[in-house]
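Every chain is named by a letter (A, B, C, D, E and F) in the order it is written, and numbering of its residues begins at 1.
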Amino acid sequence: MEKLLQIWHSSGIYQLETGQAVMMVVGLILLYLAIRKNFEPLLLVPIGFGGLLANIPGAGLADPGGALYMIYQVGIETGMFPLIIFMGVGAMTDFGPLLANPKTLFLGAAAQFGIFATLLGAVGLTSMGLMDFSLADAAAIGIIGGADGPTSIYVASVLAPDLLGPIAVASYSYMALVPLIQPPIMRALTSESERQIKMVQLRHVSKTEKIAFPLLVLILVAMLLPDAAPLLGMFCFGNLMKECGVVDRLSDTVQNALINIVTIFLGLGVGSKLSAEKFLNAETLGILVLGMVAFGIGTASGVLMAKLMNRLTGGGINPLIGSAGVSAVPMAARVSNKLGLEANSQNFLLMHAMGPNVAGVVGSAVAAGIMINFVGG
Amino acid sequence: MQESDLMLDGLNLMMYGMGFVFTFLTLLVFATRAMSMVVTKWFPTPEPVTAKPVPLAPGFTPAQLAANDPQLIAVLTAAVHRHRQEQGK
Amino acid sequence: MEKLLQIWHSSGIYQLETGQAVMMVVGLILLYLAIRKNFEPLLLVPIGFGGLLANIPGAGLADPGGALYMIYQVGIETGMFPLIIFMGVGAMTDFGPLLANPKTLFLGAAAQFGIFATLLGAVGLTSMGLMDFSLADAAAIGIIGGADGPTSIYVASVLAPDLLGPIAVASYSYMALVPLIQPPIMRALTSESERQIKMVQLRHVSKTEKIAFPLLVLILVAMLLPDAAPLLGMFCFGNLMKECGVVDRLSDTVQNALINIVTIFLGLGVGSKLSAEKFLNAETLGILVLGMVAFGIGTASGVLMAKLMNRLTGGGINPLIGSAGVSAVPMAARVSNKLGLEANSQNFLLMHAMGPNVAGVVGSAVAAGIMINFVGG
Amino acid sequence: MQESDLMLDGLNLMMYGMGFVFTFLTLLVFATRAMSMVVTKWFPTPEPVTAKPVPLAPGFTPAQLAANDPQLIAVLTAAVHRHRQEQGK
Amino acid sequence: MEKLLQIWHSSGIYQLETGQAVMMVVGLILLYLAIRKNFEPLLLVPIGFGGLLANIPGAGLADPGGALYMIYQVGIETGMFPLIIFMGVGAMTDFGPLLANPKTLFLGAAAQFGIFATLLGAVGLTSMGLMDFSLADAAAIGIIGGADGPTSIYVASVLAPDLLGPIAVASYSYMALVPLIQPPIMRALTSESERQIKMVQLRHVSKTEKIAFPLLVLILVAMLLPDAAPLLGMFCFGNLMKECGVVDRLSDTVQNALINIVTIFLGLGVGSKLSAEKFLNAETLGILVLGMVAFGIGTASGVLMAKLMNRLTGGGINPLIGSAGVSAVPMAARVSNKLGLEANSQNFLLMHAMGPNVAGVVGSAVAAGIMINFVGG
Amino acid sequence: MQESDLMLDGLNLMMYGMGFVFTFLTLLVFATRAMSMVVTKWFPTPEPVTAKPVPLAPGFTPAQLAANDPQLIAVLTAAVHRHRQEQGK
């Protein structure tokens, strides 16, 4: 009888706290969004399930000694998982369109304004007494506007580990919402005639240029902003493996088995941070709102920069490609292409938008480095 | 720290941050152009890298080498493409 | 000359103890069974070779600092390797037949009687003074009757790490012996006419049901038995990745590269526990005998339960599918099918036996949870 | 602990254990039936999940997407099957 | 303004030391050799890039807490990465030619003379006061002559971790230089008529022999030289998985995903040792020179042994296959084949040279074991 | 340690080392020959290992089994080979 009581006392129903129940519902919602609505399923399925596991009452999977806790400590606390993912993303990235038209890097720069505006918003809310974010918190929240999941997780793990859960969730959710968030902003800021601008075909880029580019980026990072070196170093390493043509078996494994394995464990590790006390509070609401704002501002500043460049260079740049500067590869570039086709059914912008798109990845990694330098230094 | 200080820090970080991002990417634009010019001028038609026989690591079998054959991959890709078009009809 | 002596003193022949020699022969026997007799070669080749390596005199591969020791500490002591394997097994499991006929879950429950009967046998032998097993030891030994390698290793690593070697060896060896152990028991407990019973074809199961099922299992586990949450949580996670259809690249890696890598290291880590002092004793003999008994009792109780269900439901259930409830997927189901075909060459039971077969995996994981709760709590 | 105690513990564990396993799986039978009924009634013909275009993760190339094409996999599977049958003759 | 100064002070340009700049150039040279000259690109691309990353001023990637430092500690300090690579190499090795003609093992023995002659050279330079190598250092340097990257890294990580960077670089660079280093030596030591000797076709080797051979090697190692057991144990394990035919999915993963993943991280970890203070000194120059000498002596002693065997056995052994005894699989065997074809366009030596080639792998692993036993014991 | 000692140690290690390498590999030559003789004499035509049905690990799907099919791999290898020859023309 005593033993029956023990089983009952160790059961989930007996131990269930309201917060855990709510967080399990949050996990199920994430799974629903991932599976039925195709919100970045590769990350949100593991994150959502990790959230479910972390909130099983009495199982302690996210407590010291638990499986999710160990995954977090080994892979996220050390920063290794986001770095490996970034290596994989580098091995999947084609810098060809950017090399054919390097000035699209300016669009990748402009779109990072979303990051810093959001940072300002976060400290502003704190100054107003509505929230309680430190500067480090605000920096980590701002990076959501970079539309780059691994960058967000890396920065959050360094600057604001307590906010890692909501930041990762916001980052991936909004990346999935790019096709909904961006079009109205893009339409509002451009005229019909601007949207109809056709761009000249991109020149051919040689193999040697593609091999030299990641080394160029690495050396520039090494000379100017060592704090961005881990992220961009691994990114450039992956890209060099892809482009150099002599280590295809390594590049192939990085793009498949390795990134898949690490994605699963990264997701589970992030899920371990979806505990009630860290997720169910006003800060999370603030993060979700600020993240949305960050995306909007980033999109707008990218488009405005493209308009400006179009005027200064005497035409030939369709402002719709500016929004792709937020990264969210390749979805943002597809959105640019879609709106271009709406304006003119012969206007294919996809390749032109891939330049700012990958520039945005570099841009937000640079922004991440400056945040870590400024706040952590 | 006072709240106005936090706000000030935020503004500072925004200013320096955007400044740095633009500086960095501007430098990258110029460096990239310079690099492309150098490559185009002095290494105009580089021997295709993949044409050289890829050396095997110790013990790598021919089967693994096959996985590196770009021609073979091209053929397979074409086959997949054809299949897709047939499916698309 | 002095150096020659040193080489001689550090040589294997000089240092070889009888126990090590015997254990190397045991390792070679396991390799023989795996390679020539096809006894679960995916596990027994690494376990057998690990046993050889662990017993090389003077090499210290299984001592602190040695490679096998590190593998054990990192992957088995933490429980991670069995959990990852379970995720992979989940990603390879099709719950369709079980969903089409949920009452086969009762067969998966009945077959777990083998586990608990063996536990009782182990404490009985101790009470009689023949063996010296604690309750935790007995629980870990009983799980062999669950016919699930990773579950056995997980429970043994938690409750009885000292017995892990013989328990893992017994578990995988007997899984391989299913085609020999089960048929006589099945024939003895069923009549010819029972074995000829044809079962109606299974209904179609929708994609949505398959997606919902792993979540349902997880929530039930979370509410009732959190101690089973690590094992069943990872199992359900793997299954959800397989069924949800939006993360096929993750599911594919889990079923291939990841499970293969972990299988190799799990085997080597288990092999590190095949030392003479832990393997060459009466307890191992006891474990081997009790494990065999566990399989037999599990098979019998599964078949008897199926007979009962056949009578209660007015026919339509072939008792031969009851034996598949021990799990040992998919071998036990194939045995059911084979005996069905012997009785009637048109009687295909494979799909019907897959229901209890996967139910057995869930059932023994639940039993594992209750053991850990009862003994460890 | 006395030996009779150990035996008693073993009996207890067996009783509770089998009881719990049956309770759990019985609940699962009912929950599964309920779930299937709900799904069949309210989500009768769910849009096939795989028909939607699978979104790419950042930087995933079209080649990787190809690996997710169920039709393509079906075609390859059929080819393998045909080969086997020919071999089996 | 203060913050601008901080950014400037933390920038790479401000912090750059001459040594770091030189080492980054060294990294770029390694990448050039790998990508344009095809010097063992699978290792030298990761090592070269790792060297770049390790020398980014202020980033601290190779300092405690840095990503490369962690990779080194986890995988190389523990010895696990070279062991896993060796398992992969074992799974890619075909002992068929060696089994068909076991006396080619003598050639694999003779070529190890390069290892010990170089060791003597290293202690000789120290005795002359030109260098400052301990006996352990000298032993680790000598292993370069074994022409086996993972063996070199394993021994260096045990006996001379400080020299690991230059030793690994020398080892892989010279393996790539085999087609340049060996031919002149081979031509100088053989007559035209010797090079024209045709060898009889190799007999068929049965599956059972191939399965038994790795076990035979393991048992011999276990009995005679336990210090070689980790390296040769993992090698034989990989080979057994390949040959046994019942665990092809494991063998396949070992040869692909697993070895690729570990190769990447091994390279990055080695790169972390390419720091200025450890690389830019007279010792490195000494290591590079001694390594080259080691290759030369190994080649020469292999060829001379083959000549001797040809005379003693009354002909039928082409001395050109002796040079393949240094290992550097399969490049050294190809060199033998090429020179054979030069002498007689119908003289195909590739298969005959594969015997000494894989014998060289075993031979240098045995030499590694004796070094560790003698120096470490 | 004096330098002459170091030199002496080096010489010692060289002597013992080469001696041991030759001893070991010589023993291996004889052991290998003995093994081959035993195998050839007493296990002359071993049933082909791969002919037996490879047992599945718990839950391994038929698709994974396919990856182990040596015949299938042979067919694919032949196809690749044919493609190469066509390319080589």
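The working rule: a residue touches a chain if its C-beta (ideal position, glycine included) is under 8 Å from a C-beta of that chain, and two chains touch if they have at least 3 such contacts.
As the structure is a prediction and not an experimental result, all values here were calculated from the model.
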| item | value |
| --- | --- |
| From chain D, the most remote chain by mean C-alpha position | E |
| Chain pair showing more contacts of the two, A-B and C-F | A-B |
| From chain B, the most remote chain by mean C-alpha position | C |
| Gap in Å, rounded to a whole number, between the CA centres of chain C and chain B | 46 |
| Distance between chain centroids, defined by C-alpha means - chain C, chain D (Å) | 18 |
| Inter-centroid spacing, chain E versus chain B (mean Cα positions, whole Å) | 31 |
| Chain A residues counted as touching two or more neighbouring chains | 3, 7, 35, 38, 41-42, 211, 224-225, 244-246, 249, 252, 256-257, 263, 370, 374 |
| Residues of chain F whose C-beta touches two or more other chains | 16, 20, 49, 54, 64, 67 |
| Residues of chain A touching chain C in the complex | 3, 6-7, 10-13, 15-16, 24, 28, 31, 34-35, 38, 41-42, 45-46, 49, 52-53, 56-61, 66-67, 70, 256-257, 260-261, 263-264, 268 |
| Chain C - residues contacting chain A, complex | 78-80, 83, 211, 215, 218-219, 221-227, 229-230, 233-234, 237, 240-241, 244-247, 249-250, 252-254, 256-258, 370, 373-374, 377 |
| Interfacial residue positions of chain F with respect to chain C in the complex | 12, 16, 20, 49, 52-61, 64, 67 |
| In the complex with chain C, residue positions of chain D that touch it | 3-4, 6-7, 9-11, 13-14, 16-18, 20-29, 31-33, 35-36, 39-40, 43, 46, 48-50, 54, 64, 67-68 |
| Footprint of chain F on chain E - complex, ascending | 98-99, 102-103, 105-106, 108-109, 112-113, 115-117, 119-120, 122-124, 126-127, 129, 134-135, 138-139, 205-209, 211-213, 216-217, 220, 224-225, 244-246, 248-249, 252, 359, 362-363, 366-367, 370-371, 374-375 |
